[in-house]
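Shared chain: chain A. Partners: chain B in the first complex, chain C in the second.
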Partner chain A sequence: MGTFTSPILNYAMLAPILVVLAGAVVGVLIEAFAPRKSRASSQLALSVFTLVIALAALVRTRGTYSSKAAMNSVTFDGAGYLLQMAILIIAIIAILLLADSDKFAAAPTAAPGSDEEREAQAANIRITEVYPLTLFAIAGMLLFTVASDLITLFVALEVLSLPLYLMAGLARRRRLASQEAALKYFLLGAFASAFFLFGVAYLYGYSNSITFSGIAAAITGGTANDVFLLVGISFVSVGLLFKVSAVPFHSWSPDVYQGSPTAVTAFMAAATKVAAFGAMLRIFYVAFAGDVWQWRPMLTAIALITMVFGSLVAISQRDVKRMLAYSSIAHAGFLLSGVIALNKSGLDATIFYLFAYGVATVGAFAIVSLINDSSGEVTDLNRWAGLGKRSPWIAIAFSFLLLAFAGIPLTSGFVGKFSIFSAAYESGNTAILITGVLSSAIAAFFYIRVVVLMFFKDPVEDGTSVVIPSIYTRITILVSLAITLILGVFPAPVLDYISQTAFFLR
Partner chain B sequence: MTLTIIMMLPLLGAALIALIPSAQERLVKQVALATTLVVAAATLFKAMSFDVDNTELQFRQSYSWIPSFGINWGLGVDGIALVLILMSVILAPLVILGGWNESEGGRWGVKTFYILILVLETMVIGVFAATDLFLFYVFFEAMLIPIYFLLGGYGSGERAAAAVKFLLYSLFGGLLMLASIIGLFVISGQNGGVTFDITELSELHTLMSSTTQNILFLGFFIAFAIKAPLWPFHTWLPDAAKSGSAGTSILLLGILDKVGTYGMIRFCLSIFPDASKTFTPVIIVLSLISILYGAFLAIGAKDIKRLIAYTSISHFGFITLGIFAMTTQSQSGATLYMFNHGFSTAALFFVAGWMIIRRGSSTISDFGGLQRVTPIMAWSFFIAGLSGLALPGLSSFVSEFLVLVGTYTRYPVAAIIATFGIVLAALYILIPVQRALHGETTPGNENLKDLNLREKITIAPVIAIIVFLGFYPSPLLKIINPAAAHIVQQQGYSDPAPTMNGGK
Partner chain C sequence: MDPYNYLYLAALLFTIGAVGVVVRRNAIVVFMCIELMLNAGNLTLVTFSRINGNLNGQVVAFFTMVVAACEVVVGLAIIVAIYRSRRSASIDDASLLKR
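The block that comes next holds the complex of A and B.
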């Protein structure tokens, strides 16, 4: 029997994660004990406060990098620092969208269409559990990007996923679709988690270690059975590729994007992508780098299929949220090319792209949440016709974000695309470069189609209107637009900062 | 006054217009006109100090923009770029004056129209003056947005569809070019530091394998061939020209399309000299097809604006032929051709636009006997048409002649085939001239009004330039020739000495 040694934790470095977890716990207490009237405002204030403190705590750790902060299970390094920062910034602007509490179910536990639900709706009950759930998810994401052993990675994966499954089911209107989305997300997510664990077991069998550095050492040593390694990499990849919605593990995302409350979609689409790609970067750059010749063809194939499929299928979408979902699939393909590049510029480019894309995504969904009729949000694209005439500023803002997704110069999307494709080409991957550029051309088609719809079609008379954005939604949209523009016109400071800071402690 | 400041003037005007209340349409137009006049004056003034004997880029400015990618805000002009900038800034006020009422039927009102035009002017100057490939690309792509809204918002007929077709074609080409730019970027990074400076990039070709060079060249060339447009990448042009208002069409065909041919000279030739040589036969064949195909379609055209678009395809064939024939004469001729084509197309579109507004139709057969009803308009159209068919004494004759002579010394067969283009040009211009202007006045045309003072003021300088340069092209050629000779020499060509067979 070995003696139990109590873990040595570096609380300063763990502080961002701990602060967010603490905020989430306090949020639960508020939900349980605070009077109903004051809940919404105090939850919002608490969440923003928590995230800002976490950001401050994170900035304080700048320059102190270590892999020993929690007994080798997490590694704080430049890349982790940047990814955590990206998640926190995106979370701050996304959480403001939750303030429109009439978007969330009055009685989420009641069956859709039941009397209980009707009563709760009639009583105009506003629930605010979504705030602590979001904070828990954020804590999971923060941990996900710095986890450096497979068990911690799995725990973080679950901590970030479980709240998201619940949040997907919280929509106030179209309850059935929302619950279907939640269930689908949960079931497929559970499947993916199982695959992930299966892979973890194989990797442990291969390397006799669960830490990334241990696996890397075993690969370099090269004496163990390669089949175990291959199976392990494949199955762990499946779990991660599911989270980033790469083809063929994407089928959940259109339904979940569409069914979830739009505010939740905004957060999930942006922040989950950063976290999941953050973890992918770390595991492929640190643990699997030695085996690159085996996984690169596999991931390249997936990236190519993902780009082309996402762009092609998005063309036929009639629903703006589904279209953005397929667009996010295409972007997952572009982002994968940064992972595959496996070089310093790939790392820098992926981090930049993640941040730029995440911010633009939050803004785009925030705008989607503004287009309403009497029964809730209007996501049918045909009814967006003529938006440019009725609310030109909203239409211009949305077009600008679409142009950013399309990668038109003077938007952040262009700088991101340029840097990620050049990283891919630098690693000798011409196929990615050419396919990426061609699928960008396809993608441009459906983004432009929405612009055409808004500006060149006459409005249909069906009571669709743009709600006056609340101050919070307004802040979200403006910040998102400003960052998208600044990163497009003057990206130099951010690019330099990323390239000076981003590295992995191995 | 630096190039950057000249570039920023239109933006300033656009900002000013944004502040004017929408109801004051007249004031908006006046500010727009004044801005473009100031820009034209400033550019002409700047051009005075251009040293014609210097083949280096002049008026250079360079500020670091995105240092981690080696991207600079780099501006500078040689003779070719200067001439094209001059053409653009002179055409801009004329477009505003000539299409004084064009913006009123538009989708978004008058203010937006002029803001878009001014923003476009900034980008056009930028695209011709950029000495940084990345900066060029940014303008090349960003330029699409204002012209897209101008086409889709202020044209006629199927304007939205035509605008989308134009945009998608251009974006596709642009993305192919982006792939090539990324390729160059990475290769430059592997060979002594990332750069986008075109002077430094032009030294890179010795380090590239010929396959790499060929592939990267194609990315650029296809983008420019779509823009120019060259057969078989031309199909967007007739639709766009037909749906655009006269002013938009002038901006598009007269100015923006020149970016394609300019890009071939500036980037295809100077960065990929070997690949340019490899592809020259193919490109010459494409040019010849463009010349003849455009001319045949123009002969068959029933719509007056489509007709002008098809003639442009034919003319762009000549320009491309001149560029790739690689003699000083053909190269100078090509640049002069770009300049002249800008003005003769502008003249055609102006008059055609006025005819269409008056008659309410753009079908050629709806016109007839205009010479009697509206003599000044008819004469203007006639002269514009003659400039389109390159009649001696008008400016396009000089450029077409230079291109053909220059081509003949190196590719006699191509030059002879291209000469058929001239014959066809006579047909496609004289047939509509005869139908629309001469003969009996057809019903519906009896009461058309002749040009008013504003329209006369618009067309007069255009025709003056066409005639003046027809007799005395040397001021422009003085600017162009050294730059053209420099490019030919850079390619490792020397002009073939003229020989006389049979005269031994």
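The block that comes next holds the complex of A and C.
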């Protein structure tokens, strides 16, 4: 037995993750000790403060990244820096949505309609546990994008998933649907992570190493048993493809998007996608790059099916949250084409697309949370008819974000789609290019149909109204619109910055 | 004894778990099947640790146990909450969100 060497952790690099975790722990303490009245405001202030400090700590590492920390289990490089920054920015604007706490159940453990629930509602109890849960999820996401060994990757996957399962069940109205969303998300998520773990075991068996660089070295060496490698890659991919909701692992996402509280959906849809694609980029670009001829056909097929399926099924949706869920499935297909490209421009384009899509998604769900009637949010698209006549600003903002999803010029979506498809073209993958452009055209149809519905149909008088957004929701919507517009009109500085910064340390 | 036999056993357990998740209708049983799959992963890890002759796999197995325990906490919380409101833990009853 060798002597024990103490690990070198490199705290400066880990600071953003540690700050968010510390904030989450303090949040739990506030839940335990602070008086109920002051909890909501102190939790919100703490969460925003924590995230801003984490962002500052991240920016401080600028220029010094490209090092490994925590005994090579975490790698800090340009791509990790950009992805962490995207997650933190999205998290800051998404966490402001949680401030409208009348969207959350007063007593999530009480049965719907029970006396216990009525008492909690009468006492005007507001649930604030959602803030520390969000911070734990964010810490897991930050770690997920920089993890460079299989243990850290697996633990980060669970740290980001477990809080989200709970948060999905916290809606105040339509509680049964919300609990059902939590159950589905949990069972299918745990199912996927069991596949992921089995894949991890086979990758370890193949390469005799749990680090990405060890796996890459074993693939280059090429003497180990290839069956183990293929089982490992496919099972790990199942776990990751589930998280990004690619077809055929997408079935959870429409239900969970619809059932969860809208503020949670906004955060989950945007930030999880960034984190999961970040981890996917790293594992495919760093660990599996040498075996590209084996996995590229499989992933290409999944990307093609995902794009077409997402765009086609979204057409028939009558619920705005389900429509956005299928649109996110289609976007997962577009993003996968950046992963498959396996070149520098694919990496740059995927990071840009993730950021642009994430920010627009938060804004779109923030607007969905504003359309209400007496019993809660109205997500039925028919009842959105004539919104443009009733509240033109909200309708214009929502149309703008939908056009960004569709990829119309002067929005961030156009720049993202253009760069990701040109990366696919550069890698010689014309099938992806053609299918991508065609399914974007199909997708544009249902986005524009919603715009037509809002502006050119007469409003129905059924009690649907637009609530005046709180100051926090207003900030979220405005920031999201501003970023979407700026990235669409002046994308060059951001694109240049990404292409100078993004790289993977092997 | 040939350690590869344990790989076959683990693959068998994993398959039983996966089939159980698809076939069974009680949320608790589905959840137990998922735990079975996780444990099959653990057995694979420990076997490879033996075959490869290093301890990494055993360390991963320890982390997996902790993660599985956390999953139990979260999972049972969700299942109990849904049982309280529906008086049933069947996943077929939970179908409000279908179109």
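Simple rule for what comes next: the second predicted complex is superposed on the first by the 501 of 506 C-alpha atoms of A that agree within 3 Å, B and C clash if a C-alpha of one lies under 4 Å from a C-alpha of the other, contacts with A are read in each partner's own complex, and residues count from 1 in each chain.
Note that in this section contacts are C-beta pairs under 8 Å (C-beta built on N, C-alpha and C of every residue); 3 or more make two chains touch, one makes a residue touch a chain.
If you're wondering where the values come from, they're calculated on a predicted model, not measured in any experiment.
> Could you tell me if A:F186 is touching chain B, chain C, both of them or neither one (first, second, both, neither)?
The second partner, chain C, only.
> Have a look at where A:F136 lands relative to chain B and chain C in the superposition and call it first, second, both or neither.
neither
> First (chain B), second (chain C), both or neither: which does A:L162 touch?
The second partner, chain C, only.
> Please name the chain, chain B or chain C, that touches the greater number of residues in chain A.
C
> Kindly classify A:V452 by the partners it touches after superposition: chain B alone (first), chain C alone (second), both, or neither?
In the superposition, A:V452 touches chain B alone.
> Applying the touch criterion given at the start, work out whether A:I434 contacts chain B, chain C, both or neither, answering first, second, both or neither.
The answer is first: A:I434 touches chain B but not chain C.
> Taking the touch rule as given, give the residues of chain C at its contact with chain A in the complex, in rising order.
Listed in rising order, the residues are 7, 10, 14, 17-18, 21, 27, 30-31, 34, 37-38, 40-42, 44-45, 47-49, 51-52, 54, 56-57, 59-60, 63-64, 67, 70-71, 74-75, 77-79, 81-82, 84-86, 91, 94-99.
> Touching chain A in the complex: which residues of chain B?
64-69, 107-108, 137-138, 141-142, 145, 149, 152-153, 159-160, 163-164, 167-168, 171-172, 175-176, 178-179, 182-183, 185-186, 189-190
> Can you name the residues of chain A that touch chain C in the complex?
Its residues touching chain C are 108-112, 150-151, 154-155, 158, 162, 165-166, 169, 175-177, 179-184, 186-187, 190-191, 193-195, 197-198, 200-202, 204-205, 208-210, 254-255, 258-259, 317-318, 322.
> Name, in rising order, each residue of chain A that touches chain B in their complex.
Where chain A meets chain B, its residues are 388, 392, 403, 406, 408-410, 414-415, 417-419, 421-422, 425-426, 433-434, 437-438, 440-441, 444-445, 448-449, 452, 455-457, 491-492, 495-496, 499.
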